[in-house]
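First chain written, first letter: the chains are A, B, C, D and E, and each begins at residue 1.
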Amino acid sequence: QDKTVKIGALSDQSGLYADLGGPGSTLAAQMAVEDSGLAAKGWKIDIISGDHQNKPDIGTAIARQWFDVDKVDIIVDVPNSGVALAVNNVVKEKNGVYINSGAATSDLTNAQCSPNTVHWTYDTYMLAHTTGQALVKAGGDSWFFLTADYAFGAALERDTSAVVTANGGKVIGGVKHPLNTPDFSSFLLQAQSSKAKIIGLANAGGDTTNTIKQAAEFGIGKGGQKLAALLLFLTDVKAIGLETAQGLNFTETFYWDMNDQTRAFSKRFGEKMKNGAMPTMVQAGVYAGVRHYLKALEALGGNPHDGVKIVEKMKSMPTEDELFGKGEIQPNGRTIHNAYLFEVKKPSESKGPWDFYKLVGTVPGDQAFTPLSESKCALLKK
Amino acid sequence: MQALYAQLLVGLINGSFYALLSLGLAVIFGMLNIINFAHGALYMMGAFVAYFLLSLGGINYWWALLIAPVIVGIFGMILERTMLQWLTGLDHLYGLLLTFGIALIVQGVFQNYFGSSGLPYAIPDQLKGGMNLGFMFLPVYRGWVVIFSLVVCIATWFLIEKTRLGAYLRAATENPTLVRAFGVNVPRMITLTYGLGVGLAALAGVLSAPINQVRPLMGADLIIVVFAVVVIGGMGSIMGSIITGFALGVIEGLTKYFYPEASNTVVFVLMVLVLLVKPTGLTGRAA
Amino acid sequence: MTTLTDDTLPVTPRAMRDEMIAFVLMALLLASVPFTGVYPFFVMQALCFALLACAFNLLIGYGGLLSFGHAMFLGTAGYCCAHALKVWALPPELGILVGIAAAFVLSLITGYISIRRQGIYFSMITLALSQLLYFIYLQAPFTHGEDGIQGIPQGHMFGVFDLSKPTVLYYVVLVGFLAGFLLIFRIINSPFGEVLKAIRENEPRAISLGYRTDQYKFLAFVLSGTLAGFAGALKVFVAQNASLTDVHWSMSGEVVLMTLVGGLGTIFGPVVGAFAIIAMQQYLAGFGQWVTVIQGSIFVICVLTFRRGVIGEIAHYFRRSL
Amino acid sequence: MADEFILETEGLSKEFAGFFAVRDVALKVRRGSIHALIGPNGAGKTTCFNLLTKFLKPSAGKILYKGQDITAMAPADVARLGLVRSFQISAVFPHLTALENVRVALQRQHGSSFDFWRSKSVLNRFNDRARDLLNDVGLSEFANTPAVEMPYGRKRALEIATTLALDPEMMLLDEPMAGMGHEDIDKIAALIKRISAKYTILMVEHNLSVVANLSDIITVLTRGQVLAQGHYSELTKDERVKEAYLGAGHA
Amino acid sequence: MPDTAIAEAPANSPAKAATGGNLLQIRNLEAWYGESHILHGINFDVNAGEVVTLLGRNGAGKTTTLKSIMGIIGKRTGSVKFNNQEIIRATSDKIARMGIAFCPEERGIFSSLDVRENLTLPPVIRAGGLSLEQIFELFPNLKERLNSQGTKLSGGEQQMLAIARILRTGASFLMLDEPTEGLAPVIIQQIGHTIARLKKEGFTILLVEQNFRFASTVADRYYVVEHGKIIDGFSNAELAANMDKLHTYLGV
């Protein structure tokens, strides 16, 4: 057993997820290595980064080459569900370790779960359950969905609808819009005339931000309807601007301004970022994941270069770090930690360039994520 | 029925962008005989310039409407002078390839510095709010976009088709050497025309900034739709591209209402249908 | 119309011999890759793209038609092959056939629509058609949208060759590539190729000689599309997935770039171009955001100063056709 | 089939947005003759050619070629029947050698044009015939020269050789001498004379001495209509022809 | 700057030019198309008010000479003086504005313009050109087809249009490249008359002709071009004496 580790941060470095993952994720991994203090104990830990450009084939090619040529032990981040699933197969084939933080698909810990994979931060199941449940309970009992017309959107809508009905709400309509639609006015008009109390946005990225902006333009908030963004990141809110985004409800598992520890970490992080950006939950997840991985290695007393073994060790240790607090990794690879319901502040309430969120509620991890009893993961059957 | 009116109107708004962009393409095509693949990137630049003007210089929307097209137009003229000009006499496809390269560079640089998720640009105060038209709530800004782009389109049409300049432009497309030998400074005219076409793209960019996010890739996918619009219209005339632009916006809008799954594809499907019936496009002259 | 390759060198028996020598050299070089320690997946990937670029080049370099939608054949064949392997559990050789057949059918349809317009219109129509297809695949259930088809079984070729072994896979891909390449070489130097050249040079004259030129261009289009499909089917085994990337228009752009860098209308140019661009993407991957900028710059530089491409310049220098 | 006339038109008309470029033309071309079509500029000669070769659709009238109605055919099909035209601007395949230019035409006739799986060496069987044709038009020493590099007059000759390769029964030549120097004119004229032994030729030409020397019969068109028809000597005496075409000064 | 200087020079107005004097002076003109060297040192003069004809075989370099004067050949050296102004380096639009007009052999009719637009396309550079009425008098065909698309005209009509449009501009020095090509004899006669009349009105004309019979009815002087050089020159009066030589030069 040697004490060398090579970490590959595979992310979208220039495309639409670059801001929420990208270089920030690499930085988060670096900080995790530094904070682990292993270097002082004689460990040699290197980090390389790669750009999968949101293309599964490029992602797998890089991953394969990392394992074959660069002798990488662990791949982290990997936003974009398509790439994430593709890389999942490679890591399993090469018996590496895979800590995904950026991808939403809950398949990673269900149908496609793998003994080499840990899924941190969030997934579609969690998003649907937390936001949906909270809003119905707060009186938003009739829903209209604007859904991106592809697998991710459909899953999100399906899961959320189930939650809404289960909690006594009603879904009164919905419209599927094509991915990357620049103009949502048609769809918004339909949502408006449906008179639903909540307009659920089962989409992501640019589609979500565009919908929110244009909804404001068409006076949708003023008519008493409320928008629920099922997936929204800090960087999205930044892009929309508080003026427009104010009052939005959504769920994240990390926000920089939660407590002293998160603030301290985020300050250090922001100083190293080009535009002073605060970490997103994806980047925070990378940090926490790498920390936990290194802890497991340390506990093993060296690097066995055996993915399954390391992940087993990781699952056997409870997780705990400054950013997500206490938690655990379930046998299917799902990390369990708290999820938080936020509301976007009014511009007048914001005190700084990244001061966006108000905490509305906390959902404990065991209620937020897929219960093991519902998981379709083959690992559980053994 | 009311919903239908609303969808028609909304379609018209999108049509404005198609019209402005395909108009710019038609102007450039008419003159330089190249398909300006960089059009989408320059459209994006227009929006970004407006954003910078506001955030760095405190210059408001109204000035941006004027200044951004000029700045991007000048940038376009520099491109023309330094690169496109060297392609005269070569196959038109090289123009397509060169501008494709330029588009990649411009988009890449902006992506590098501004990421992908987009920057906000607020609707100017004067155009905030909306009107209740009975059948729909029309944001004032959207109404403005339709009217303003109509005016710009018609003005451009007049300039190209009804003035001597237009005749020079068309003649110089066919045989620049000869037109120059008649005493017209063709290179300068070409440069200015490219600037005009690019300026139109930038203007569309400024118009769209408050509606959409200001994003480096905002033009990349749009431009392919506009290409389809151009193929449908046939690029035969300036008026043709304006009318097809608006018409397709409306058709697309209606599709979003009746069969939203197809709204991304409807323009392309229409293109296929038109080509099957009339291979030269609706107003096209034989290529 | 003006031709894209500004000087077409006459093909003499001597030139043919040069080309054969170059071909044998290339084949030997590629065959020795597994013994050199070069990462085989890289070479396999490049080979697939090289075949794609060669197919594309058949259309532009010899038919004068610039397709900006060739990714649609790559992607369609890829999806269909992947589906056949994964869902229908067909053996590899049949999977490849399914992919090729799909590309063939697609090229019949798209060719029929696009072939009647020339020049930039043709480019724009192919681009729009491929974008149409992109959106269809994005929504179609069998492609699994954004996620793509993952974890495709590689299986045993003809029941013997175990494709999950990198070296075996490498030689299968290499044989596929060489076969495709030779076919293209033959097409160019066939009676049909001669007519194609004549049409590119002066279409009205060809018509007046009694050639129904649309049919020849159509055949060239179908051949090119089908061969591109072959590349797409091979690529499935290398990448073990099929995804939207392969149908996106930026992929079509990359194919154009590869061919342009190597030399439009040259026989070996697309191969060299494909290797150059794939290598560049590999080694510049660390530059992240700047890769697009660099690619764009290569486009610009090629078009402005280096229109013949690498092989084109070499051929021009030695006054040979390569 | 041994008709006297190889090509006949009845009431052939072409209207462009209210303007009749060709009106009610009845043309009869005798098999084996050189038939000239002359007339002032804009008389409709080229339009007539375009109608006969189907590059334009007639607005009215009928075209009979070898007794067959070809009014509704496509250009390439008409060429396949043996009715072939040359262009007013020279039409060769510039980067193919003279030999290849001719071979392209031979190849069409003898099939195998779609064979993409065969080596082009199968085309070598056409080489002899191609050389013969080049010989006929005096281009033997240019066989391996790319067409771009040939002088203007030689290109016209090459074009004729290519056309002959199709073994046409009838050739339509539109101003074959336009832009040529005197030497070339004489050469081409002699060539046309020579080939007219085998083929029927319908040509448009403004060079009167050529017309006078070559043609068996002349049709004069003005304003889209047939003004007169006859031999050169007859026509020069016709006052109407003088006024409309030859001009006052003409002897 | 030079434009205005020229415009003020009195000798440049068509009316005054008839007084004679050297209008165009060409020395050691060489020209290239890309790599190929076409003109190898052309020398000749044109006096104001003259009609000068360049004769020569196909490919001798006549057209190239005209194009070099007009400034539309990529690479050219030597000296071309128009009104004592060196124009070898000037761009073609400047040259045109000094009062030189060119009618190319391939006619250059614009298909995207109608006949009227084609006719009025070249900008008027100074007063003194023909009016539209005068032009229609010369070429009645054009008047009938005014609204047709330019290239839909018959070959001969296009030739008329090409000549007609440069007569409008007020340029005093016309270069006509094979103006009779493809024209019916009647029209050729008409063009002969036109040239004679233009000469009378003070225009200077440089003509390139294959049709020697036509040239001999209008020209004052001849130059013979061969292989990119002027190999001979004589006046109309000396024509008879030079016929034999001409036969060998041109193969007439």
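The rule is simple: a residue touches a chain if its C-beta (ideal position, glycine included) is under 8 Å from a C-beta of that chain, and two chains touch if they have at least 3 such contacts.
Per UniProt, the chains are B, C = Branched-chain amino acid ABC transporter permease; D, E = ABC transporter ATP-binding protein.
Values in this document were obtained by computation on a predicted structure and should not be read as measured data.
Annotation of subunit A and subunit D: jointly contacted by C, touch as defined at the top. Comparing mean CA positions across the assembly, the chain most remote from subunit E is A. Our note on geometry: subunit D versus subunit E, Cα centroid distance of 32 Å, whole angstroms.
For the pair subunit B and subunit E, the distance between mean C-alpha positions equals 43 Å. One finds 77 Å separating the Cα centroids of subunit A and subunit E.
Shown for subunit E are the residues in touch with two or more other chains, of which there are none. Along subunit A, residues 14, 18, 22, 149, 178-179 each make contact with two or more other chains.
Counting only residues that touch two or more partner chains, subunit D has none. Remark: the chains found to touch one another pair up as A-B, A-C, B-C, B-E, C-D, D-E. Interface of subunit D with subunit E (complex): residues 16, 19, 38-47, 88, 151-153, 175, 178-184, 206, 208, 244-250.
Against subunit B, in their complex, subunit C makes its touches with residues 1-4, 6, 60, 66, 68, 113-114, 116-121, 123-125, 127-129, 131-132, 135-136, 138-139, 249, 253, 256, 260, 289-293, 295-300, 302-304, 307. Per the touch definition, subunit C reaches subunit D in the complex via residues 3, 7-8, 10, 183, 186-187, 189-195, 197-198, 201-202, 204-213, 215-216, 219, 223. Per the touch definition, subunit E reaches subunit D in the complex via residues 57-59, 105, 141, 145, 148, 152-157, 159-160, 178, 181-189, 210, 250-252. The part of subunit E that touches subunit B in the complex is made up of residues 70-72, 91-93, 95-97, 101-102, 104, 108, 110-113, 117-118, 120-123, 125, 166, 169.
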